[in-house]
Structures are given as C-alpha cells and as structure tokens.
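We call the chains A, B, C, D and E, going by the order they appear; numbering starts again at 1 in every chain.
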Amino acid sequence: MKIGRVVGTVVSTISSPVFEGRRLLLCDLLDASGNPEGGYLICVDTVGSGAGEAVLILDEGNSARQVIGMSPAPIRAIVVGVVDQLMVDGELVLREG
Amino acid sequence: MKIGRVVGTVVSTISSPVFEGRRLLLCDLLDASGNPEGGYLICVDTVGSGAGEAVLILDEGNSARQVIGMSPAPIRAIVVGVVDQLMVDGELVLREG
Amino acid sequence: MKIGRVVGTVVSTISSPVFEGRRLLLCDLLDASGNPEGGYLICVDTVGSGAGEAVLILDEGNSARQVIGMSPAPIRAIVVGVVDQLMVDGELVLREG
Amino acid sequence: MKIGRVVGTVVSTISSPVFEGRRLLLCDLLDASGNPEGGYLICVDTVGSGAGEAVLILDEGNSARQVIGMSPAPIRAIVVGVVDQLMVDGELVLREG
Amino acid sequence: MKIGRVVGTVVSTISSPVFEGRRLLLCDLLDASGNPEGGYLICVDTVGSGAGEAVLILDEGNSARQVIGMSPAPIRAIVVGVVDQLMVDGELVLREG
C-alpha cells in the first residue's frame, strides 16, 4: 500500500454498478515524510474519506473487488482506510483527527 | 485509475475478437493539474471517446475483460469513461462538454 | 499496451513448451512520437514480427497465455501486433510497410 | 522481491479481518548496496519484524493471501522474511543479528 | 521479461516450502546494451544460475508458480534462463559460456 492525501474528485461518464454511490477521489501519493511525491491515483472511496485526509491506498484489482464485495467488477485502486497516525524513525509524521 | 487525454490512434495487425470494432487510442497520461506528465498508454476504447477528450484509464486485465464482457481476452488498459469534471484543491482543473 | 520497436533477439537456456518455436525479441519502448523512451522489454513474438518493425506490446500474463493458447504457461510480455500506422495530434508519426 | 528496512508504522481505520493483530509497517526500499533508494511501501508484517530491521518485501496479492492463509483478502505487499545476510559482488553488504 | 546479472545472494528467515533448496539471487537489471540500469530484483533461482551470469528474469506470480510447479506459493520474480547470446542492432552485446 501507499499513503496518499485526498485532494480532488472526478465526475465522469463511467458506468458500472461498482461505481454507483461511490466517489472517485484524486489522491496525491505521499512520501515517507508525508509530503507529496509527485504522482497520484484516482481511487474509489470505500471508507467515506474526505478532502485533505491522509489515506491508505490499495492498488490491486482482486483486493478492491473483495473490499467492495462485488466480483467481477472493473476496479483496481481504492482508499481502504484513513491514516490516524504515521510514525517514522520515532517521530510522528502524520496525525489526523 | 489515471486521467489521460486521447491524442492519437493506432492501426495495427493485431487480431483477436476483442479488438473487432474497437479503436486503439493513444492516451497521454495527465498529472493532477490536467497537463501531460510525459507517459502514455495504448488503450482499447469502450465508451466512444474522441480526440482531445480527457478520459479515465483503467489498467488491469480482469477489469478490462469485465467491461468488454469477454473472458478470456488479451486486453489490459481501457478507456472506461470520459472525464466531465476534475476538481483539485477546490479548483476546477478540467471541464469537458 | 505500449508501442515498441524490435531491435534485438535473445538466445537463452529457457525451457518451457511455451517458448518452443517462438523467438524472444528485445523491443525498445517508444514514446508517443515514435522515438525510444529509454526502456525495453523482452517479449515473446506471436505475430512473426521482424527486426526494425514497430509493434504493439501487451504486458500481462493472462493476456499472453490467451494469445498463445496455453494455460498455465510462464509468460507475460508479448508482441501482439505490428503497428501499421500511428497518428498523433493529426500527424502520421509511424507508417510501416 | 525487494529489500527494505522497517522505519515506521501506520495506525489507520482500515478494517478487514486480514489486518486484525497484524501491524502495518512503513518500509524504505533499499538498493543493492543496502541504502535507501528513495521509495517505500506500506507492508503487512507476517514475521514479527521490528524497527530498523532489513526485510524481504513480496508485493503480489496472491502471494500475500497465501502467506497469510486467507483468501479472499484485501492485501498486496507483505514482509515475508528478515534479511540475515546480503552478499553482493563477494562483499557482505548487510548482516543482521 | 528483463535481462539481469546475478551479483549477490540473500540469506533470510523466509519460510515457505517454495523456498526450500532454492537460492534467492540479487540480480542487477541490465539495459539493452547489457549494462546495469540502476535497479535490481531479488529472484528465486530455478535454473542453477551462478554469480556473474546474465539471466532472463520473469516477474509474474502465476508464471513463477507454474515454473516451480507449486500453487499456491508466495513467489513472483524468478530467474527462468541463462542468456547465451543477446544481439541488438546486429551486434553481439552479450555472449556467455
């Protein structure tokens, strides 16, 4: 998994039952210090995460289908959790809430 | 998923039922600001997207086969939707149509 | 998929029925302008492509096994087609034959 | 697989039986000399590895599910072993314990 | 597949029947000229390759499990063959033995 931050949303014509009622989030990928590392992923939200939150991103189709509870389903990257706390080298890098 | 922009088409000798009647699109990958980030993918179109449109790209074989409705089928990256609107940090980065 | 150009061949001790009678091609990866972008893949040829040809590369195990018609089989990247024509931004970037 | 070093931990709202009682480790990826190469992965610990240890990281969903012994399960990157010794070009690059 | 060169070995606490009696090799990834391109992979040896040899690396779990003949098994990157000869642009770039 990678750590990301929710910075945007996508509205699109995508149509599949797996996307109904689920938001598409643009998540900046963060480095181990909690700063943007330059890339991003469009992720399907599965936990109700909101703008600005640090999140855990799981980028594997079979995992995504299992979390959503639909298979088959066209899906790969999802937000699987909100990061409450990230400790690196004994320091608190991220603390949410 | 990633956001891309349709900038080209490929004509090839590729032969498999999955490609019959479906165009191969060259899509520039876009960064979170909607600008080309330097890479591209050749994607099978599944939504009738056209030149210049911003699109959602899903790059996973099982997802692609499910969207196309053929399995097995030799396919991985597809265009799954047109981007109507991309909001990042509260700003409208892309707006189509 | 990505676009590549066949620039070399590999002779190896690899042994599996899937490689019998099939050549291993070293393909430079091309950018959207048809120029080498710096990387390469060793691909199993499935279409009789030759040195110097621009080709479509499909890099997914399940797709490769389906094209070859053997499963299970240890294979991932294959040449699935010769590029006849690549149009980008309305210009003819590649034209073979 | 890649070699990494455990440098941090993540506490999150992630919820799935596969994560119960298992820590999420932030592992810096190491180069062939045993130095950080700039990237990282959030890995599920499967061997009781601790802060500062050099570890083997296996980043494939099906492998992770097999090691954990749960399928389906939303998981991809795991720590599968502690590196006792890494020899490169005849030199001992890493030696733990 | 990619071309690599065996430059090291890893001794670890990894434990799964798939690793019994099989060495873990650190392989530098080579570019199309046969020179190190900067990255590496830890691969399970399946052909008895030795230090300094140029090898073919196949990095897909299902392929690896098929070559090893164990499924399920936690494995992804393997050495599948020794490179006897690599020809690029009509020149002999690598010749082993």
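Worth pointing out:
The rule is simple: a contact is a pair of C-beta atoms (placed from the backbone, for glycine too) under 8 Å apart; a residue touches a chain by one contact, two chains touch by 3 or more.
Computed from a predicted structure; not experimentally measured.
Any chain bridging subunit C and subunit D, meaning touching each of them, is among E; the list is complete.
In whole angstrom, the spacing between the mean C-alpha positions of subunit C and subunit E is 20.
A separation of 33 Å divides the Cα centre of subunit A from that of subunit E. The set of subunit E residues touching two or more other chains comprises 62. Starting from subunit B and moving next to subunit C, the ring of contacting chains follows the order B, C, E, D, A.
Looking at the complex, you find that subunit B touches subunit A at residues 1-3, 31-32, 47, 56, 58-60, 62-67, 80-90, 93.
Within the complex formed with subunit C, the subunit B residues making contact are 7-16, 24, 26, 28, 40-43, 51, 61-62, 72-77.
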